[in-house]
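Next, two complexes with subunit A in common: one pairs it with subunit B, the other with subunit C.
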Partner chain A sequence: MNTTENTYRDRFTELEMSLPGFASLPLRHLRQEGMQRFIDNGFPTQRLENWKYTSVKTISQRAYQVHDHGCPGLDPSDLLPYLIAPVGVYRLVFVNGWFSRTLSDLHDFPEGVRVQSMAKVVDATPRTVEPYLENHQPGADQGFTHLNEALWSDGAFVLLSPGIRLDKPLHLLFLTTSSEKLKMTLPRNLIVAGAGSHAWMVESFVTLGHAAHCTNSHSTIILHDQAHVHHLLFLGENHSAQHVGTVETRLMGSSRLDSRLFSFGGERTRQEIHVHLAGEQAQCSLDGLFVGNENQHMDFHTSIHHMHANTRSQQLYKGILDGHAHGVFNGIITVLPHVLHTQSNQLSSNLLLSDTAEIDTKPQLEINSAAVQCSHGATVGSLDPEALFYLQSRGLDASTARSLLIQGFAAELLQRITSIPVQAWIERQFNKGDNHHES
Partner chain B sequence: MNILEIKNLHVSVLNKPILRGLDLSLKEGEVHAIMGPNGSGKSTLANILVGRGDYHMTAGAILYHGEDLLVRTPEERARAGIFLAFQNPVEIPGVNNVQLLKEAFNAHRKYGQLPEMDAMSFRTYLQDRTKQLGLSDDWLFRPINVGFSGGEKKRNELLQMLVLEPQLAILDEIDSGLDIDALTDVANGVNALRHHRRSMLLITHYPRLLEQVHPDKVHVLIGGRLVATGGMELAVRLEEQGYGWLSEVAA
Partner chain C sequence: MEAPNAVNSAMSQSYKHGFVTSIPSDTIPAGLDEGVIRLLSAKKREPEFMLEWRMAAYRHWQGMKEPHWSSVRYPSIDYQNISYYSSPFANDQAPIALKDVDPKLLATYERLGIPLSERLSLAGVAVDAVFDSVSVATTHKKRLAQLGIVFCSMSEAVREHSALVRRYLGSVVPPGDNFFAALNAAVFSDGTFCYIPPGVHCPMELSTYFRINAAETGQFERTLIIADQNSFVSYLEGCTAPQRDRHQLHAAVVELIAMEGAEISYSTVQNWYPGDAEGRGGIYNFVTKRGECRGDRSRISWTQVETGSAITWKYPSVVLRGEGAFGRFHSVALTNHHQQADTGTKMIHIGKNTHSTILSKGISAGHGNNAYRGLVKVLAGASGARNHSQCDSLLLGQECSAHTYPYIEVKNQSSKVEHEATTSRISEEQLFYCQQRGLSREQAVSLIVNGFCQEVLRELPMEFSVEARKLLEVNLEGSVG
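Moving on to the complex of A and B:
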């Protein structure tokens, strides 16, 4: 077996007894199984169809430190640039993969809402999470997930009781402080929305500093009947960061997931979002906006599985690529045999701002049932020269005209965010990136 | 003094000569109409004035306030007071009218070395103008020209003009594709924009608009040259007899 993979196994053996959840036999077993699968399958390579466009050599061939506790004394004011808003938002902060109580703001949760550090929960009350934590099906393309299953450090555990309506957005902030040591952080989140509950959540990934690091994150979201969850994923790490993430979701009857992905950072990003529509009338909408320039590489894989009748899904992913950036969008929609009256729409729309930027976009439909409605499409274009001229003829200089058109391309995704503070924050992040690009 | 002076203008589009020796002078506050059949070069004249790419002057000169116009970029021309109401304004999804008006207005203010107008005053300034054109309150927040009818697009051009207060307005077939009522609305809009410091070039096929706007002069453009100049009586004769009687002059 490859020596890099073995390094992680050795580190696992060394750390195992100190890893969260060791006292629980089922959880201990999950970690061991994850490590075994990681060793069996290794890091994915480009020979795998699902990883065709994305090389992970920058991860597999470098020696990353996992579970580096080196946590500098951060002051709450250090967080300010990364906050959605200073007040009016619940906040859990993780520094280098570990929960920070002092930086978090967990005051005044309504009764029936449990929000805690995963590490703490699996040690104190492992039975709470045991029913929900399970390993992914083993697979050659799942190396990162298996590694996370074995070595995850901490993350958020969120449990909403039935009928609970979270009054403010919940922000899960994952901050890596970059240093000389090449760090890999392995967050793991579990979100369980009880029947009829409603919540707005943001998971954001950022870096303090410019040095390279790697994030390998995994989130599981379970929506019980009629729950409605807004889940926004913000990938805003520095331009030397490697980011691999997976979101697994399971939607029970009449529940609804609004997934919003915004990817602006990272050198190399691979994000997977998997949705199982596992109850009648469950529905999801998956939006994505990715902005890449220079040599950024961003690869998004979504899968939506219509497992029951009358389920609905819609997807809109937009890419804005400049410089030598490379984007990938791959969206799988499956409908099981005998599952009737499903509706699914998928659109991938891309704006290339340079001749050297590149996009690979591919819908993948596996529909085994007749009574379904399904549409999909992909577009790739550049800025409309007529529109640019129109704006210039009104007195706007070329760069302002260009910015306005780029904003216009992104606008529908920015405007569809239903939480006012979250929307204002994302717009700021988007415009910051644009200004940065102009300079 | 002439605000615009065009001398012996020759313009080619993709190496094809379109304008072939056009002369025109426009004084401050004057409204001139340019009429002519399809393909005579009317829109080429509009496009060369605002600096659209692919239009190349091969001979002649265009002076704006006595200075060479063609050395300036499209945005510099706009800030210096030139405005084209497009024949077919482009639709821009995701960018609303107020965003465009704000950026354009501030660019003009900056050029004129005036401070930016504060948000509240600008809002009032805009509302006065939408009201003047009888536009609804949500107009400003609609994406630029997206899903607009022909008449709405023309009125949107007039709104931009009303906000930017140009010194030279070129209206390229502002009357095309309009029914009688919409035409009257647009004509009223044009009349409201008349000002003793503002000159206008009305490019049109039809005298109907001119009957309501009353230009100071009417020119006929055929084969890339002005072949006749007169008053409203010229427009009326064109309506009755067509362009045939002028073809000999153009040949």
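Moving on to the complex of A and C:
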């Protein structure tokens, strides 16, 4: 085993007793198991099929500091650029992986909603979370998940009682203050939506400063019967950041998950979303929009497992790549044997705006049951010269025409967001990055 | 959901090519080492360069590991337990003229529906018949020679046209390309060689008929087709094997080279013995097929109908090097009982304005496992490249599966790549409609499957198209659920 992995193990041994949840035996075991698996498998390499297009040398070969407690005195006004809206949104803020009470806004939660720091919960009432923290995706390519299992610092714990409707969106803001010291933050979230509950949630990752850092996050979302959760993941870290994340979801009977992913930031991004449709009539929709420029590398892996009859899924991922950006989409839909009457469709559309950008897309179907209807598609192309010409003949200059067409390509995904403040915010974020679409 | 009883009883699939020809044969004992390769090369009276080429490939192969990344599952193959050469001609002497060929062999081919006598044979088709390791006869050679076309067995080409062979052999699939290609390069026994001179439009279909007869042998044939500038050739390949309860390995290599303005159309109707209903026996069909559009405006198209083999594992590919080159892959793969197929294609766009289309139809029945795996790669220099892929899967049973793994890698913004795929089963409504019009359930399924494959089948030359339809029907017997 190479030395970097061992550095993490040494750090783990050193820190173990101070990590949240040490008092609970099962949680302590989970961390130790995670570390053992991480040591066994190591960081993933490009020899693994699932990491074919993405090298993680910028993570595995650099010495990152985990659990750096040096939290600078941030003022609530420092957060303004990263907020969805100043008011009308519940907010949990994590700075460098740790919960910050002063920056969070946790007032007036309706009764039946429990939102807390994960570190607090595992120390105070470990029983609540123990059953949910087990890893569902073991495997040689899950090195980062194992590292997170072993070393996670904090995160959000959200529990919605049955029938609760959260009136305002909940924003989980993960902010890293970058500095000379290379930091690795390891957030871990757990969201449990009780039967019939309904909520809008946003997880956003941003950086204050321009230096390099690394985020390795893991979220678990459990939906009980008839729950409906909107989960939006926003990746907007600086252009030197390394981001690795996994979202693990499990949907029970006729629940519904709407997952939206927007990735504009980071130097190297790898996000996985795994959905298990484990209840009759469970359904999910996964949408994603990624915009890459310069040397950005973005890699998205999704998997949808139809484990129960009458489940439905749909998926639309769009990529816009300029400069030397490299985009990867890998989506797999599996239908287990004897699972009947499932419906799924998947589409990956990509726009290449420069001759040096690259896209690798791989939509996959693994169907082991006959009574299904599945389809998938993928397209790669550039802006239509005729459309550009048409707009210019109507008096727009070349760059406005270009920008308009790109907007049109993305609009479908931007407009699908049902929460008004969230939609306005995402559109602002998208347009902010729009200035790089000049050629 | 249970299959009707009438259907269950019809579950026995008939493989009409499963007979064995009892004929004395010259077979090298099982096992593989340098000595075997020397012996094989000596038996074929090959020039020195060929032996060196084989040796280099063998040494390379020894350092390679058998790949296991596909979705097919099979017990490990003992490469020392296979005989690498079996010939129906006792004294190493291949017959010169058709009249010298053992009548038993001729009868075998007649029984397979491929009469080798030129008087009887299909007027427009020239056949090279390969029996186990060697080529038995090649028909219509004279007529082709008048046009300057070389159409002969590989062994003959190595001796008679060694300059051409030396220049082109291994230039598309290098000996070390992959595990099975390296093995093939070391031990290939025979195959077909074909050269079409510049400007010649080959007047008839060229065809090879492969037959595995001997037990415990592997068939390793090598096909090389070169279409020189502005020429055209259409080539057909058919295969059968006797019914045995042991698995047999077939690891062939096919190389196609199309020069400027040339076109090669390569069709396969693969009907190796698929094993019985419980998955015993059958051929492992691990083949490397690749074509290279070397010249500008050259065209290569692969059409395949895969109904046989216990396991089919192959990806006929096209390297689109010349400007404006065109590649096409049309495929129907049927898996029934315990058959497995992991097949698809690779389209590598290197030249400007290169186009390719992929159309793949997979049908799974019984416990069949059918996977499409394809790669479309557009390199940075391939401006204006265009690809359209469509992969449809049809599921006919409760235990079967269909997987689709398309890889799309694009590095050029002016290119356009589209991929679409669907997986579904025959709906009760469709069946009901047909039955209500007076068709039996089996006829209805056959009709729907035929319609599903129509686009591919009509690409085949007429005789093959008819055969392919029949094959689909026979192989689907009893799979209605």
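By definition in this document, the second predicted complex is superposed on the first by the 433 of 439 C-alpha atoms of A that agree within 3 Å, B and C clash if a C-alpha of one lies under 4 Å from a C-alpha of the other, contacts with A are read in each partner's own complex, and residues count from 1 in each chain.
Here is the rule we go by: a residue touches a chain if its C-beta (ideal position, glycine included) is under 8 Å from a C-beta of that chain, and two chains touch if they have at least 3 such contacts.
This structure is a prediction, so every number in the text was calculated from the model and none was measured.
Participant: So if we stack both complexes on subunit A, do subunit B and subunit C clash, or do they fit?
Facilitator: Aligned on subunit A, subunit C fits beside subunit B.
Participant: For A:355, using the defined touch cut-off, is the partner it touches subunit B, subunit C, both, or neither? Pick first, second, both or neither.
Facilitator: After superposition on chain A, A:355 lies in contact with subunit C alone.
Participant: For A:374, decide between first (touching subunit B), second (touching subunit C), both and neither.
Facilitator: second
Participant: Just to be sure I read the superposition right, which of the two partners does A:337 touch: subunit B = first, subunit C = second, or both, or neither?
Facilitator: Only subunit C; A:337 stays clear of subunit B.
Participant: Between subunit B (first) and subunit C (second), which does A:400 come into contact with in this model arrangement: first, second, both, or neither?
Facilitator: After superposition on chain A, A:400 lies in contact with subunit B alone.
Participant: For A:387, is the partner it touches subunit B (first), subunit C (second), both, or none of the two (neither)?
Facilitator: first
Participant: Once chain A of both complexes is superposed, is A:412 in touch with subunit B (first), subunit C (second), both, or neither?
Facilitator: A:412 sits against subunit B, while subunit C stays out of touch.
Participant: Which partner, once the models are overlaid, touches more of subunit A's residues, subunit C or subunit B?
Facilitator: Here the partner covering more residues of subunit A is C.
Participant: After the superposition, pull out the minimum Cα separation from subunit B to subunit C in whole angstrom, please.
Facilitator: Between subunit B and subunit C, the minimum C-alpha distance equals 17 Å.
Participant: What part of subunit B is in contact with subunit A in the complex they form?
Facilitator: For subunit B paired with subunit A, touching residues are 50-53, 73-75, 77-79, 83-84, 86, 89-90, 92-95, 99-100, 103-104, 107-108, 111, 143, 160, 164.
Participant: What residues of subunit A sit close enough to touch subunit B in their complex?
Facilitator: Residues 384-387, 389-398, 400, 404-405, 407-412.
Participant: Within their complex, state which residues of subunit C touch subunit A.
Facilitator: 1, 69, 378, 380, 393, 395-425, 481
Participant: What part of subunit A is in contact with subunit C in the complex they form?
Facilitator: Per the stated touch rule, the residues are 49, 337-338, 340, 350, 352-382.
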